[in-house]
Every structure is written in C-alpha cells, then in structure tokens.
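Chain nomenclature is as follows: A, B and C, assigned in order of appearance, with residue numbering initiated at 1 for each chain independently.
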C-alpha cells in the first residue's frame, strides 16, 4: 500500500498492512500514550465533523490527535441539527468549504450510508470515516481486529461469533470485510430472524471463500469460538429490534454463556452495552470490551500518524 | 479610524480603512495561511458564543485564530438552548460574566437584531458580531466586498444585483451599507414582492446618493451587472418565503442567467445554497461562492489581527 | 488533609484547608490571571463532561485550565442528549472508557444526585463535581465562601440569609455544609412553604451545633445579616416553584431590602438571576454577584492547581 490518505471502508486494507504496519504502530502508540504523548504531529489541524452523536468515538479521536501533538481546530457534535445542514447544505458543499480553512484531516461521522465516500470525492485533505449510518465504521473494525490480535495472539485461524443486530450493526459489517483478509477463519452469525446479516456481506464472504454459518442460538456455538462479538440493540439506527420468541433465539451473553466459553476466549462489544450483556459478565476476565475501547485510542493514534506524518 | 475594537455593523467602516487597511491585510493573511500560519497572536484567547448554529462562520473564526497562533478557550454552538440563557439570563449578564474570565475577544452570534450592540455596551473586551438575527453580519459583508475587490479588481464603479429574500437576508443588508462608501456604484434589488428590501436600507441609500432600482426579474438585469449576489431562501429566519407566480418573478440563477451574464461577472452567495442556484451553475467559472467562503477565513484573520495585536 | 484528589462534596473540606490553603491560593490565582496566566500545568489534560448545560461553570473551568497552561482535550455540553448516554450507557461505563484515553482530570456535571460519587468509584483520575442534579455543587460553594471571606474579611461569626428555592437549590445545600466548619455562624433559611430547606441539611446543622432559623419573610432578617444569598427560581430543576400568597412570604431582593440591609453587607447569587432580584439592585455596591462569578475562576484555578501539580 502507498501512503495512507482517506479511510473510508474496511476493505481498503490488506493483511500485510494490518499485520506489519498498523498493529505494530498501534502497539508503539500505547507506549507513547503511557509516556504522556509525543509532539510528532505538532501543528497538524484536525476537524471533527459529527452529524450524529458519539462521545466515545469523538473523544478518542480528539484525545489521539492531542497525544500526538496536533490540535482539534473545529469540532461539532451534532452537525445535522446545528449547522448549515439544517439549512439544506449538501455534505459535499460543507466539505468543500471546510477544505478552504486549511485543515490537515477531517474526521467525519455521517448519518447516512456512503457519506464518507461522498466526502472523499470532493476533499483535498484526508477524510476519516468515523461511521456512516448503517454503512461502515472502519476504525472501529480496525480496533476490533487489533484487540483480537493482541488478546488471542493472531487473527488467522480464529473463529468468531457475531451476535445480535447484524442487519444494522455497522461494526460487524466492517469486521466481516476485514476477516476475509485472514486465512483459516470461521464466522458464526447469531441473530434473531428479524436482524440477520444482510446478503451483501454473505455474498462477499462466499466470493472470498470464507466459511460462515448462520444461527439464532449463541449457546450452540459458544464453546467453539475464540471470540464472541456482541452488538448493541440499536434503537437509534432506525426501527426497533423485533424480539423473537425466547424459545427460538438466544442472543444474550450471560453466565450460561460464560460457562460454555473456552477459558482463553474473549468477549468484545463496540459499547455502550445495555441488556444484551448481563451485569455478571463485566467481572469476568474474558470480558475484553473496556480494553477494546482503550485500544481504539492507540489504533486511531496510529492511523493519524500514518496519514499526517 | 483609530485602533479597531468592536465590530458591530457594516456602517462603522470607511472606504479608506477597507481599501488601505483591511483588503491588503486580508491578502497578506492568505499568504500566511498558505504557509501554515503565524504565531503573532500567541496567548490570545477567543470565546465563540453562538446563540444559533453556523458551522461555517464558527469554523472560519476558530480556524482563523488558530492560524494566527491564538486559542479558542470556550466555544458553544447553541447557547440559546444549552446555556444559562435557557434559565432566563440576559445577554448582558452573560457577557459581563464571561468578561470576568479573561478572554481577549468574544465572537457573538445572536438570534435577535441588536444583540452585538447590546453586548458591546457592557463588554470591556472586543465583541465581534457574527450575525444578529435579521440585523447585520458585518464580517460576511466585509468578505463579500473583499471578494468583489479581488475578483473584479475594484468595488467603485461596479453594479450589483442582490437577489432573493432581501427582507430577511442579513448579508445583503450589511453589504448595501458598505456599498455606499464607494463612488459610481449601482444596486438592483431583485426579489418577489413578499421579500423586498426594507425601507431603512432604501432610505439610507437615498440619503447617501447611491443609485438603486427594484425589480422582480433577474433576466432583465443579468447582462448589465458585474456581480449577482444571490441569497438563500431562509426558512429558519422566520416565516416561509411566499413564492410569487412564476410569470411574475424570476429570482433563480440558472443556465438562462449564465447565458445572459457578462464573461467577467461573478456570482456570489453567502452559502449554503439550495435550489435558488441551479446545479449546472457550480461548474461555471463565474460561480465564485466557494472562493468567497475561503476569503472569509482571510478577512477574519485580518480583523482578528487588527483587533488583537 | 492529604493531596487533593476527587472533589465530590462540600463536606470533604475542613476549615484549615479552606483558610490556609484554598483561599490564599485563590488570591494568588487572581494575580496570575491578571498577568495573563502561568504554564504550571503545561501538558495536563482536562475533560469537561456535562450532562446538562451550564455556560458559566463550563466556561470558568475551561478558561481556568487554559490560564494554568493546561488543555481541554474533550468537551461536551449536553452528554445526556448527544452521547452514548442516549444509547443507555451507564455513567460508570462512560467514565471507565474516558479513563482509558489518558485524561488528567474529568470535570463532571451530572443531572442526577450522586453522579460525581458514582463516577469517583470507578475513576482512576480525579473527578470534579461540577453539579449533580439536586445534590451538590461544591466548587460553587467554595467560591461562595471565598467571596464572603474576601468581601467581609471572615466567614466565622457571620450571619447569612439563604433565600428562595432551598429545596432544590444545590448551592445553598453545599454552602450550608461548609458553614458548619466555622464558629459563631448563624443561618436564616427564608423561603416559601413549598421550597423549604430539606431535613437532611437541618439535621446536619443540629448535629454540628450550628444555629439556624426558618422564616418566609426576608424583610424580618435583612437588617441583621452580613450576607443575603438569593437563589434562582429553578424551573429546570423539576417542578415549578409554587408561589405563596404575597402576604405570607417575601423572598425577593429589591429596594425595600436594600434600605433595610447593613451598609457593609453583601448580596450573593449563583446566577443567572431573573426576577428574584429587582433590576435596581444591580447598581448597588452591595450587589456582589458579578465579582462572585469572577471569583469562581480563581477558586477553580486554585483547585485544579492543587489537584494536578
């Protein structure tokens, strides 16, 4: 890969880049953060343009650029409601105008699929997709993958159960794309009937020869997988998650699942988590989601460093 | 003029200041920005206090102070809804309190006419009016004028058509005040009957001896003017723009207008633009509005430098 | 007291700390601010996490850290509406995640009593309570006390009338706790029947042997007290303030009260003030509330310096 510019979708990264460039640099960034940061991106200007709220993602990007010596020069957390967008301005025009104000990178959270790609077509400066509606959330997928690599020791030859709202869950979509880069992997899509993984991803997996199975009962696969990736019931993503009859589907992580899981397996979750993970799980050492969130800082620092230096 | 302090309304500037101080400094600021900025306002503290949203205006001020080495020390983008104002605090009290926190300048966007003037009466530090309801938006008017000067080569002896919602359009009101400073100018106010320019401006123009005409069909003057200044249909400014029968008024910029316009005329718009400019216009070299937005950065840098250094 | 870490409630401070450490340092901070600040907290990172709006409190904290050379690395002004909280995330989880991003201090405004204490139980970095619902607002109480000390010359042996909505008023609750640290004080709780001081505070005062009286007519005590602490009619705190028949209660500060007051008494108010203080009072030299707001900057600078250096 050449020098990293826009970050739009998970598919753009290859295994070599991930294993030989991103992961080692993220590990290095952890050391840098622990030592209080580095001035390596001194003078670099970041805009965070969020059309829908995300405390965690915005905070991790803004604190990442600070730890690298750069600056947030403009930040808005609900551009849809509070900006020119409310006056009917297109995303493309907003990006063109912000380009005229000398930023070095624009971190964009958009509320419709394809937003980041549209922004990139008109932007001279790099666009980082921080989530675009039901589309992708590639930096989340990268931090998910980095967490698996760090905790399990590898991504190749691992099996993962993706659980819950797979229809609207951006993170599992992006992660599925990334999983195709690694040999020997197996994916279990575990969801109620109403929120199954969409065909585009399944077709992509078939095309790439990645094995996957679908089911609606996490208990049936919990003992077999290295990773359980639980997702959130996303009320705000449009439409309520229709609950199946309990006899038919089982998509919660609780003590019963903990009892079934391998000793060295891990539980991931993009957070925030609500009732889809039972309170007793938080105390289990396999509950990896808070370390996963922290890894988000290191991965974003690594990406910013690659893009801006 | 003495040292610049508050920026409240377009009328406060004279032609000498504009042509001999502001415009040359804005041009210089463009060079400064292209070279990555200057630390000349190092340590200077700016507050952006916005009572209604404006991504573009807030971004350009915040990025301007950064390019000059200063800092945004407090920023709020919807003070009306999210602040003490919601608890009934007067603007004057808010300004008095913020003065006690050692800012060097307060950039104020207020949602009622006269807000900046009221703020200035109680503020020890300079107030910059970044728009006050249906009142003025003087820095927009200055960047508009700077754009005309830069693109046409002069403001004197130019003719301009101001088009659209002239009743509520802050920018055309402020720009009209500024136009009176220059000899040989001619203004055409082109609008539907429901949104004609208000009498206060027309009386002011008469008093200053500036020629103007009113009409409702842009086609009739498009071939004659140096500048077409299109405005936005401002739904959020209160009341819907009542549309005239199409036979009666023509206030859109489209291919028909492009065909009529002089080759070296320019089209300005305060942005965001929606249906009042047809999509085909964006690609025409006379569509100057994105460069105009960029000039906003340079003009605001120049003003901040004059006020704070 | 050992080194200051979390600031959760007014009770945690003793008189020695207040008189020998905090007040002298706040006085020193005033000099520092007047000289343009100090780089003593260079590199320190502050998060302002506000679940409900407060222009003044947020501004004073953010400008305080800047004057000390530190930085705001992440700021949100309505976390309840615009963040993961809207997706059901607990405060504890949000705090845990933000801890993973290397802040040095988190300033928290929460919308439910007990929020700061809950945050402190899971946070490795110091939490500063910037108000938690109807609970406490300890830095406000500290600045109130500092203002009394500075203006009257002492806190011991002073009498104070706390007036208005004493049921929901966070500031008078916290200030009452602090008053128990000083000998010879007397408190008058003056309120309509519907918004009397709650029993927990009155029990605490009895336990500590602090004299207090309750009443509903400020005129009866105005000539006797050194401090009138007026509070705001807090519509947004839940429930409208039920107004008593005017014959029965008198809880406004107006010319009649000014005429009764001692010449060197002071009027405090946490601001914003609305109709509970008549307009004519603002011009009286005993109206101390704008200096009180300014003192907030110095007290917060002092607290940040103690916590972070």
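Couple of notes before you dig in:
In this section, a residue touches a chain if its C-beta (ideal position, glycine included) is under 8 Å from a C-beta of that chain, and two chains touch if they have at least 3 such contacts.
These figures come from a predicted structure and were not determined experimentally.
Of all residue numbers seen at the chain A-chain C contact, under half occur in both copies; the interface is built from largely non-matching residues. Rounded to the nearest 5, the angle that brings the Cα atoms of chain B onto chain C is 120°. Chain C has its Cα centroid 40 Å from the Cα centroid of chain A.
Among all residues of chain C, none touch two or more other chains.
In the complex of the two chains, the chain A residues touching chain C come out as 33, 36-37, 53-56, 58-60, 62-63, 66-67, 77-78, 232, 234-236, 271-274, 290-291, 293-294, 297.
In the complex of the two chains, the chain C residues touching chain A come out as 43, 45, 47, 71, 73-74, 76, 79, 81-90, 93-94, 96-98, 100-103.
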